[in-house]
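Shared between the two complexes below is chain A, which has chain B as its partner in the first and chain C in the second.
What follows is the complex of A and B.
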């Protein structure tokens, strides 16, 4: 018997890695990459509280933007139904949430680093990272090489134009960014566009992922680095579209830095060209394999209970899987954790009830009936997920945990709107680790119960 | 305040207004066309995008069908690039009362097994928004002035019963202008009564709301007839890259600027389709399109039974404001004929005798077919993208490709992969077609109407337009916000299945990454 984790995004992977480190035999079921693989390059642990998200961020920025630490503290003061409210609401002092976040990020960074992905940042400072559209994103923690584009520490910025590349227009980016720096009153940072003489054939297929694959090869990255010589002064940032390799990103970036003396960074990009998420998923997969987590193919179809009362996962093609405990980290709609069938929205594995941020159920009715008119309105459809007890055990309709050994993590947790609150990956990481701890405590307690309780 | 002078002021940039403006311009009459939003964004965009006689009207309104059939031939001649053939299949079920032994259906595997045989006929589809643009461009080429996002806020008269022009307000800049005109043509479709009321004139329509559902890609390459639960005829049909299904026809009394699609309407249309195509529920519905027909007033009849005929009202002739005309009713397919009739009246009032030439002179791009493979090779662009360019711009496709940068390869970059839309096309419509807003690109070049609903392309396209139109960063963000909000309005009433996940990502991009805040959303 072992612990089964369903879903291999950041939430599921964090839970699986932590459980493996705690000595459990972990089985991971994941059908396909989920929303983590589409993320843009930031972790956004405390990116914005509901209170901040309702302010135009530009105004917040023009004044004095709150530090990540201060934004995190807002959750402690009762952020309603947000999972952080449950995690930190009772914390008497802000130091505990801070310690938890810092430890969680350090743990993730340690898992990812051996597989080529670097995660940096802190709760004590903001990073201002440009997007491919030339707008700015306030981040706390971010992955290399997006993290290196921080405008608060750059003396100058040279946007690298790759003419014809899909999803990127260096001139338009530079133009918008220049205005943005001016309007927001940021420290002066000259922005210009540079045109390296690109290696032959680099842009034959103009999709960023293709270019990145080519740059993984040592000759291609050496050629690009050479082409960048003299394009930026030392200390400046050379801002690229998301093409700086997939497996060898660290090497691509350092080759360019060595050749130019400038920092090689990437702009934050959106799906379908968000390579950062792809790199994150790749590094997580490698970390899971290194930790000995057993990965089973096939999609979980249904979560059942055996006659003996243990949990059993029915799979689509292969045989059923029994487990001592199950962590559901299946995400929401795009990841398959929630389904919007023509007749009704539902949680497909266990039929768990789904609650929006106001505590109203949205399962059992068609999705469009929960969709409110304005795009800017609060959308119950997109704040809904499962509701849990303090040990992250999802509640059944009667309000008690559905099963003593069933846990949930990540976006599947309801009560918050990850898009508007910008805390998606932060919730994934913290809840994944918390779910692992809850499983650990839960499975070890019975043994203690039989022994001498101190 | 700006002063403009023209002979005829045409209000409304739908198919009627642009058709009339072109006809006037071709006859050498000075014309100013004013559209409150984007060209073709009202009833024209909400139509089925078909120039056909309408089998439905054949029995009750044979004259309308005849006019439409004849005139759709003219559209095929003057804008061959904008039309596409749609074979129709009219299934006969085993239990239907009619049904001689006809062709067995081996053509379309999606059809229900309960279908015995089917009739087929051909109709023609058209990009109705582009048809408006083509008419407006041709008018402008011949001296007309075309203003979009400009609203008539007052109709001016000389105090003795004769119209003298109008006061306009630019809805983007906020400034106003006075237009002096000898004649004013109110061609605002369902808004005709509202605009006539500005001049104190009362006009009555029987507005009929209609919705269509738009599917991702195509359900079938032929159009398939279906019956609604109440026996009404509907169909699902291919339209450009997608399939559409519809339509409904219900009396409408609500706000013409905020037409909502209800769950009833969506379910009603899907229920009708399900009988002919049992697997219809497995197809992803992307969004709905809704609009209101400017149907002529009639009392005591069901919506479907109302005449689709049109009328040109000369207000002066019935004791109202002299020089003011209104156009009501009609069908897309006969737009050119209706415009000809209306222009005859306007020209007559101005004493101009030049003949109508709209049926013989090609619309811009309609003069010769573009050599697509040659263009694809010359500009190093995929054939699929060039084919869509050729569809929208005809012979002008080459000029569009030249709008990209000569030296760099930027112009051939694909901005919206769903359609696809090239960088060069955005630059072209900004430079040469008077495009003013990102959200108008959905009609102008079909940007952002695929599965991702602009999540992947909105900000990138805004960057291109910013460069062309001189937008600052705040404007870029606002334009993206407006596009996002418009797509949500179109998608949310039909939101189901995989599209729920697509809109989840849409929100992540717009709120999470671009940082759109609630306050700047319209």
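What follows is the complex of A and C.
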């Protein structure tokens, strides 16, 4: 039995990995890395941000920080259209969603660890992680080495300045971070800037990606570790820009930690220097290859139905692809999962109806007509996506699943704004695994008549 | 006549003689050239008559084709990351190359590109495979190299 997954971001990859583990023959169709490859270094399931009122990180009454599990409950109760609302319902019992989240993250961590990427965290603790801009991000789960920058467990923070490095200013980071700690009323954590005597040639090409590639070599990382000796005391954090290797990140960080006694960590960074996302995509690709997922390059053009009622994917360059079930994890605008053409917004593969967070249909009308005036207003286009039944099968215009064996996962699911709510990777992971489970259940039980609702 | 309207508006708004002189030097001369050098029917000849004296040339079809594709760039930087992973060191960083290609028509004289270092692009096409916007980045690299962009004394610097 073969299942086709379209899209290789975190949603598509976790669906494909889970399906391969369940014994299916999986074909992954991917034109390019997913939006996960642009992520900053955290995997936010229940996001919070000190700067955004709709993402509270403190309890309004008690003033104490909200734990991720409390925020997860807020997400479920507050946002009716958020995929979490559909996944977990508004039930007061928090245990089941918590178990599902922690099991999903543990599963992902086990897939990634053999390929050099460590994912840590829990719903029971917060991490306060600095960004390259000097602001703070409240994270539940994070990837090494960004996870090690946690301000709540650091005695002091030494920002490592790499003069001339593209997209990084250590002194500005330290200044902003000092003020941020003050304004948010956090426990005092001294922040200073340190200037290691850098190995010859490390910054000849000032792009973080090139520096990281150089540091993958053992001599270069030994030289950098030696240069960092004495820059920070044990228990402190040596905060680097995102340059600590790509394939050998673990070794780079531990070499520096061994030489200094301090924790070597990276600040969260954004495109075009999103090294953390690139590492995630790299590890996912390696895990997919190890799991025996067959990967086909190229873009899907159209999802069709054969005369026998099975699904067929027409591709742009190669021949068609038939599958017993299809998981669409095509993302939104940047990856081509949704198109905002001048004439109309649409889902190009199957022409699925699209809904915004308020449940209004917004496909088929020009993008500008659904735009709301005013700075900072929620924009319907940003929460647009398909609607599904409880088993993640996208609904057609008549309100029933479009096809019994068609599933959707990741950002393609509508009703939330991944950039504003910062739950993009959390939704991707949970929905990817849920879609895989739905496929498994659906293909392993006697086939229903096409178009039936369970 | 657009040049004249702009100049009148600018003169009324600022009342500045400097603006008047600037407009005479640029806008007015442009308009005069456009009026005198009009060659009906041939857009390229018309373009050259108007803008040729300022050093502008219409792009060749290949520059235009790649430039239009390059406009889809999201500036996500995945090509740079992938290129570094493949140990490539092309004279132009792939991301810079795409941005350059998208701006080649309008900003040919003002591209601030980094100087030439490293080896010629090996055309391994790893950058093209990771591009979410589907831009043929290795073709852009080859084309810019053929135009001499990124070389130490290229017109871009």
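To be clear about the criterion, the second predicted complex is superposed on the first by the 424 of 454 C-alpha atoms of A that agree within 3 Å, B and C clash if a C-alpha of one lies under 4 Å from a C-alpha of the other, contacts with A are read in each partner's own complex, and residues count from 1 in each chain.
Here is the rule we use: a contact is a pair of C-beta atoms (placed from the backbone, for glycine too) under 8 Å apart; a residue touches a chain by one contact, two chains touch by 3 or more.
Source: prediction; values computed, not measured.
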item: Superposition on chain A - do chain B and chain C clash or fit; value: clash
item: Chain B versus chain C as contact partner of A:171, first or second or both or neither; value: first
item: Contacts of A:323 with chain B and chain C, given as first, second, both or neither; value: neither
item: Contacts of A:334 with chain B and chain C, given as first, second, both or neither; value: both
item: Chain B versus chain C as contact partner of A:189, first or second or both or neither; value: neither
item: Which of chain B and chain C A:424 touches, first, second, both or neither; value: first
item: Contacts of A:272 with chain B and chain C, given as first, second, both or neither; value: both
item: Chain B versus chain C as contact partner of A:209, first or second or both or neither; value: second
item: Partner chain in contact with A:38 - chain B first, chain C second, else both or neither; value: both
item: First (chain B), second (chain C), both or neither touched by A:382; value: first
item: Segment of chain C intruding into chain B (one of 1-9, 91-99, 127-135 or 145-153); value: 1-9
item: Overlap of chain C and chain B interfaces on chain A (superposed complexes); value: 35, 38, 271-273, 334-335
item: Chain B - residues contacting chain A, complex; value: 260, 263, 266, 281, 405, 408-410, 412-414, 417, 423, 452, 455-456, 459-460, 462-464, 466-467, 472-474, 476-477, 480, 484-485, 487-489, 492-497, 500-502, 504-505, 507-521
item: Touching residues (chain side chain A, partner chain C) in the complex; value: 31-33, 35, 37-38, 204-205, 207, 209-210, 212-213, 246-247, 271-275, 278, 297, 299, 334-336
item: Touch list for chain A against partner chain B, complex; value: 35, 38, 40, 44, 53-58, 131-138, 161, 163-169, 171-173, 175-177, 179-180, 183, 195, 203, 206, 268, 270-273, 332-335, 338, 340-342, 345, 366-369, 371-377, 379, 381-382, 417-420, 422, 424
item: Parts of chain C lying in touch with chain A, wherever the complex brings them together; value: 74-78, 80-81, 83-85, 87, 89, 93, 95, 117-118, 129-134
